[in-house]
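The following pair of complexes shares a single chain, chain A, combined with chain B in the former and chain C in the latter.
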Partner chain A sequence: MLGITKDIVLRIAKYYLVALILLIPIPLAGDYITHVTILVMLYAVTAASLDILVGYTGRLSLGHAAFFAVGAYTSTLLAMNWGVSPWVGIFLGGLMASVFGLILGVPSLKLRGPYLAISTLGFGIIVWLMLINLDWLTRGPLGIPGIPPLPGIGPIDFRSKVAFYYVALAFTLISIFLLHLLTKSRIGKILMSIREDEDAALSVGVDVPLFKVYAFLIATFFAGISGGLYAHYLRYISPEISTLGESIYILSMTIIGGFGTLIGPVMGAAVLSLLQELLRSYLEYRYLIYGMLIILVMKFFPSGIYGIVQFILRKVRE
Partner chain B sequence: MILEVDKVVKRFGGLVAVDNVSFSVSEGEIFGIIGPNGAGKTTLFNVITGFYKPDSGSIRFLGEDITGMKPNKLAKLGLTRTWQIVKPFLGMSVLDNLLVSIYATKGVIYGMSEGEAVRRAEEILEFAGLLHRRDVLAEALPHGERKRLEIARALATEPKLLMLDEPAGGLTPTEMDEVMEVVRKVRESGVTVVIIEHNMRVIMNVCERIMVLNFGRKIAEGSPEEISRNEEVIKAYLGERFHVRS
Partner chain C sequence: MELLEQILFGLMIGGIYGVIGVGLTMIFGVMRLSNFAHGEFYMLGAYFTYTFVTLIGGDPFLLAPLAAIAVGAVGIVINRLLFKSLYEELKEAKGAAAFYFQDLKFIMLTIGLSILFVDLALVLWGPIPISIPSPLTKYIVKLPGDLSFSLARLIAFVVAIATLVGLYAFLKFTKTGRAIRATAQNPSAAMLVGVNIYKIYDITMFLSTGLAALAGGILGPIYNVYPTMGLDVVAKAFVVVITGGMGNVIGSILAGFLIGLAESLGGLFLGTEYKQVVAFVIMIIVLWVRPEGILGGGRK
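Entry: the complex of A and B
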């Protein structure tokens, strides 16, 4: 189905097994490292999901944080107002993010290049304004504290960082694995053909609008789920998670990591998060630094960190 | 008749790019469209293949009214086209370029089995003389091979009617011969071909019937011999008496 053969699954699964083995002992390094790694993983999924739009379909989005936020608020509100279990709520948050993805994706089908970028930017700002102004629902700029944690299973309490870490690890590996399979599937190739040339894709039978919508649905779903996990992990959310700055932060990960590679954005999430931790005392300069990094990467290493890593690996092998 | 174009009009503002053009193409032939630059050839192509909607008139393909139908629908029915300025999927391998056509027309979720799809794509690559380039990125191909990839990718949709927009444009004489060889083989395999071309040597040698456009209007239609003797065509386009080489 979808042109995914057993060969492809096995070839890719290998890497995820290695990643799993490497990441299992992380909590031994202490709470701080565990905490940072959890955030890196949630951002990694979000940046990888954005890559489906930006890198594979060629649809630049400047509003991806909005979908992360929709997932976070949906799951939070469902849990706090209607007692929906976060295990279910997070999934529903992903679906709600997809609904928002549809609301943005369908009207912007015909837009290309900068026009699409501006419409996604505007959409992100609308969501941010909604979160700030729908006081009765979202408590506005105050944000929502006291979000219930993931309900424990038996003796496992997910308020502990270590326990949550393994939930996040499973979620991250499974999500990125699924996205990875998607890029290797027939859908992945169809999306790439749209990125390369929409008219040519149409002329060989590709239903371009339909697949653009698919790309939006998939990308926003995973961003929404990441947002839900984030909410039940930090147990406090505010409209801050949906700002333009946040969208650009995620886009920076995708671009600096190397868009159109899926794994690049994961690397980008790791590198930028570490950078943010290292530069804690210079936080007001962060966008300046990201901006410069994006320019440098686009100019000298368009394939991003992923490309640099591949280049080094090739040199080492020779 | 595989293609029947009836009184098609396409305007852009005040400009009538295609003015009341009618013609039909019968199954298995190579039909040529010639005319000076700006005569409306490519616009006519865009109207037939669904990229533009005609202002009036109708188009029938295999007896079915396809006026205003979307290009992707038409590709699935068996009508596809190539582009004057080639549009390969540059960042994808040559094989993947063809697989996109196969997935898109045969089905993405189920469709052909993967092995079958790859085998089919390889057959077409061999047919177009590109099999040795199978795993190369399309951006690495020289212009002549890109032109053949363009045709191969269209063939992978398994068209009944293939519309070629200047397949020999911008090529060296050797590359041109290679492309025309492919076009001839396409016809032999039973696909009907409509071709726009500027190169008279190509069009006169390969086409059975030719239509001449000028300022959006059809000014002549007939065999290469008739066209090369038509006074109006000579005045508008050929400039001097053009002799058919056999």
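Entry: the complex of A and C
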């Protein structure tokens, strides 16, 4: 029904196998590298999920951090107030993020271009203000410390970075694999047809509004789950994770990486996170370089890091 | 009494929203450019005014127009360096996807610009909020019925109104103003009748960034000046522009007053913590009920 054959699954799966083998030994490099890699992976899934909207469906969103935050807060509050196991809570957080995705996605169906960008921006700011002002629930700007970690399985304790790393790795590879399959499926092709020409898609009988809502549901679900994992990993969250700056950070990973490629945003997440780490000592000038990078990439390499890598590979092959 | 005071405050801040929003709506109407760095020109206006006051000396209200011209020149340089090639691509663009990619490029470029300017201000002027000294803030205007506010606020309001009226007259009655309106309506037709649209883009950029800078300069003595002040304003400016209909100058002016008033009254009735939400709720209602804006004329 989805138009995914066994052939496609096998062809894609081998890349993920290679990635798995390459990423398994990372914890040997020490706690710091492990920590940075975990954050990169959580951001990578969020940026890749945003790519379903921005790159594949042609729906620009400037509020994606809001869904990340909804997932994080949902799972945290469930665990701390009702004792729900984080394993379940993280999944419920993803669903809650999708509910919020519906709240944004349905009213904004008819909006395009800058109108959509600004309403998603407004939505993100509303979520941020809610997290700050509903302090009986969220403790407001103080944030929530002491979030319980993922409960251990047998002798494995997920408070250790190494153990959590493998959870994050499994989650990342499975999520991006699923998103990758989605883009190869019939749904993925329909989403791309909406991006290319909404009216033409409509005229050949595509239920455009329905598929736009699908795109929102899928993208926000994965952002929510990443948020949940983030909360139970760092064990502290605050409204800071839902700011406009954070949404822009995620969007720039998607776009600088190369939108509409899925793997590009993963590269974007890695490059921007590493840049943040490398420039940490140049605190004052960090954003100067970051802003300059966005401008240069958009001006000279609009196809992003993915495009640059492909260009180099093609040159090498010749 | 508090109600009347809030209405007055709302109208004053609304005038400023109008000045900022008009600039944003003009660039969108003429160049189809959504400028997410618009707030940074407002911030630069405030810092330029501050620098002029410390270097030359004099009243910030007299030096703000000078700062506005300087920032407008920065706007022209950026327009030529960053956006000119994109306008040319946009002319060739065919199909919905091409327009989407252009919008995306414009938005990301201006976001990059905004990040860059905020950090530049941080490096040049430091992170600590400053206030531009003006003797006018000390004078208090008293109105009958216990109402009072500083002379600086009154002057800021008068400057805002005068600017809006002046801009309207410029667009309506001058030859350049007509050319700007023609380019907004149909760039290729405007070119056919001999309008140099790239010059018009430069002028529009100058006016737009200059107006934002002017607003920053005249608010500097009243509020604090800090590097991220533009980020706090840009979202509000977009709300004003959408409510007024993107590209609609009069709509933006009216929407500025509407949002200013609604925020002020919202703060009074709902409490200050929800004051910020009011503007976005209005925008969502407008987008839902009347996406072309309160006066219409906006492009979808």
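By definition in this document, the second predicted complex is superposed on the first by the 307 of 318 C-alpha atoms of A that agree within 3 Å, B and C clash if a C-alpha of one lies under 4 Å from a C-alpha of the other, contacts with A are read in each partner's own complex, and residues count from 1 in each chain.
Going forward, a residue touches a chain if its C-beta (ideal position, glycine included) is under 8 Å from a C-beta of that chain, and two chains touch if they have at least 3 such contacts.
Since this is a predicted model, take the numbers as computed values, not measurements.
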Contacts of A:Arg186 with chain B and chain C, given as first, second, both or neither: first
First, second, both or neither for A:Leu10, with chain B first and chain C second: neither
Touched partner set for A:Leu2, first chain B, second chain C, both or neither: first
If touched residues of chain A are counted for chain B and for chain C, the larger one: C
Partner chain in contact with A:Tyr285 - chain B first, chain C second, else both or neither: second
First, second, both or neither for A:Leu202, with chain B first and chain C second: first
Chain B versus chain C as contact partner of A:Val316, first or second or both or neither: neither
Touching partner for A:Leu22 - first (chain B), second (chain C), both, neither: neither
Doubly contacted residues of chain A, that is, touched by chain B and again by chain C: 195-197, 199
Interface residues, chain A side, partner chain B - complex: 1-3, 5, 186-187, 189-190, 192-193, 195-197, 199-208, 260
Contact set on chain B toward chain A in their complex: 49, 51, 70-72, 75-76, 80-83, 87-92, 96, 99-101, 103-105, 108-111, 114, 117, 153-154, 156-157
Touch list for chain A against partner chain C, complex: 54, 58, 60, 107-108, 110-115, 117-119, 121-123, 125-126, 129, 132-133, 195-199, 244-245, 248, 251-252, 255, 259, 284-288, 290-295, 298-299, 302
Residues of chain C touching chain A in the complex: 28, 34, 82, 95-97, 99-101, 103-105, 107-109, 111-120, 122-123, 231, 235, 238-239, 242, 246, 273-274, 276-277, 280-281, 283-284, 287-288, 291, 300
